[in-house]
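Chain IDs A, B and C follow the sequence of writing; residue 1 opens each chain.
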Amino acid sequence: MNTLVKTIEVLGIIAFALTGIYAARKKGMDLIGVYSLAMVTALGGGSLRDIILNRHPLFWIQHYQYPVFLLALSIGASLVEQAFFERRSMVGIVLALDALGLGSFSASGAYIADQLGCTLFISSILGVTTGIWGGVMRDIVCNDIPYVFQRTELYATCSFFGSWTYLLVYRSLENDIVAATACIGVTFVLRMLAIRYKIKLPV
Amino acid sequence: MNTLVKTIEVLGIIAFALTGIYAARKKGMDLIGVYSLAMVTALGGGSLRDIILNRHPLFWIQHYQYPVFLLALSIGASLVEQAFFERRSMVGIVLALDALGLGSFSASGAYIADQLGCTLFISSILGVTTGIWGGVMRDIVCNDIPYVFQRTELYATCSFFGSWTYLLVYRSLENDIVAATACIGVTFVLRMLAIRYKIKLPV
Amino acid sequence: MNTLVKTIEVLGIIAFALTGIYAARKKGMDLIGVYSLAMVTALGGGSLRDIILNRHPLFWIQHYQYPVFLLALSIGASLVEQAFFERRSMVGIVLALDALGLGSFSASGAYIADQLGCTLFISSILGVTTGIWGGVMRDIVCNDIPYVFQRTELYATCSFFGSWTYLLVYRSLENDIVAATACIGVTFVLRMLAIRYKIKLPV
């Protein structure tokens, strides 16, 4: 994948980690809890994808800088007041980066499953799994009902359409960078629209 | 495995999925939550078995129709009133199919572990794991203490005896269809007796 | 590894299992729940390590005596009054054995990751993961916020320093038995000091 897609993935990992750090601090956890939740939220979805698809070494063992970086981020964020993360502008930034991360993770899940010969539907499921299960694991560890399963603004649904975008564009053009960019674009726009207009699933 | 055993497995997957769908709706989840819990409950135990035993591709990636089918089931069930699933006759049907599913999953877990050279005890543990962990994961995601670990009518115990039935019959007759059928029979009858006479473990 | 390290591992597994059994009984679970939590707590961290590092068969399938032993322990412990485990002397013994187990699991995680060519930091993360995730899974199944993530006496931190001790001693002396013993010693002493002087992380 090229630099743009890579950069977006890193931005997404930061956003995912920040939601984990925020949740951990809200539950009164110490640095160990904060770091663990940053890791689980940011790397959990991709780890599940790699384990389901038998892809080794796991992506964060291969990109061994990620866990070091997340430790630095966790320590840094622990020194900042929690109120900072609740500022309106900060919430907006994290929501936007999180939507980019959701898109890039969806693309990576769909891409890898497709490369390994999975059917289109299974590949889209792996895209969604990669995109949302980090957050699901975060909520499970925090003893909350997973946020994305609740009747809130579209989240997994954006990932689902993004994953299909990746798969259909890739099947048409055989160009994974264009497909990934399209996937991130569709996921991001859908998610922003869902937040802006409070769009929820009918059932 | 033959058609009978295969049919029973599919019936079990439907029953497991229905308990997941019911739990998700009770927690007020939307279609994403409903489908995710249907997947986790129906496919979680078998996925854990495949991951523990390093068996790839996972059974639901190989039988790629299952996730599509579960999506259709989830959409269908979302259109039905929740009260429908609480009807006495519906509860009875789901309990019976669930017991068949428990039996067929126990047989598949014990069968696969045994084929891979595990000891009898480990194979029986894998039978029980395959049978019960879908439901355990459902309850974890729903933020409940797993139902099967509570002091209720025998459930995992039926799976344990069913798994041993499989293993002993298979070792005697070298016929996996007879062994699987015996396993499903023993699990089903034990479970029905446990429900009927409210049999619980003494400790 | 030699007999000393092996013995300490078994003592640790017993201690981990006892904390699982205690938690299960406190939640009113029956023998199935007690045994499942004993297994999850004692074998969960090592299983996660093996799955992350793609190491098969999992250590408890290879050491197939562990699950049998844990069943015997679970049955035995179910016959003892819960108050017995709350006795001051019993709590002290379990805390001490648990600290030994934490050390030996940290050593095994760091050792295996290092052997497989992981970086030092990743290896230390795997050491901590092996040491603490059994307990994390226990708390997740029990529907509690993981104890080790809360603002309590140092636990994961001891495992982290223990893992680094292993890695640095091993890199210096190329002797895994000395390194494992040093890891267990450092983890144990740090943990005992943390409990004695109520040492917590500053953030």
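FYI, a contact is a pair of C-beta atoms (placed from the backbone, for glycine too) under 8 Å apart; a residue touches a chain by one contact, two chains touch by 3 or more.
This one's a predicted model, so the numbers in the text were calculated from it and none came from an experiment.
**Q** Same or different: do the copies chain A and chain C touch each other through matching residue numbers, with over half of them shared?
**A** different
**Q** Write the angle of the rotation needed to overlay chain A on chain B, where the fit uses Cα atoms and the result is rounded to the nearest 5°.
**A** 120
**Q** Could you give the separation in Å between the centres of chain A and chain C, each centre being the mean of its C-alpha atoms?
**A** Here the centre of chain C sits 30 Å away from the centre of chain A.
**Q** Please list all residues of chain A that touch 2 or more other chains.
**A** Expected reply: 51, 54, 140, 143.
**Q** In the complex of these two chains, what residues of chain C are touching chain A?
**A** Those residues of chain C that touch chain A are 51-54, 118-119, 121-122, 125, 136, 140, 143-146, 148-152, 155-157, 200-201, 203.
**Q** Help me check something: in the complex, which residues belonging to chain B touch chain A?
**A** Listed in rising order, the residues are 24, 27-34, 36-37, 47, 51, 54, 56-58, 61, 64, 67-68, 75, 78-79, 140-143.
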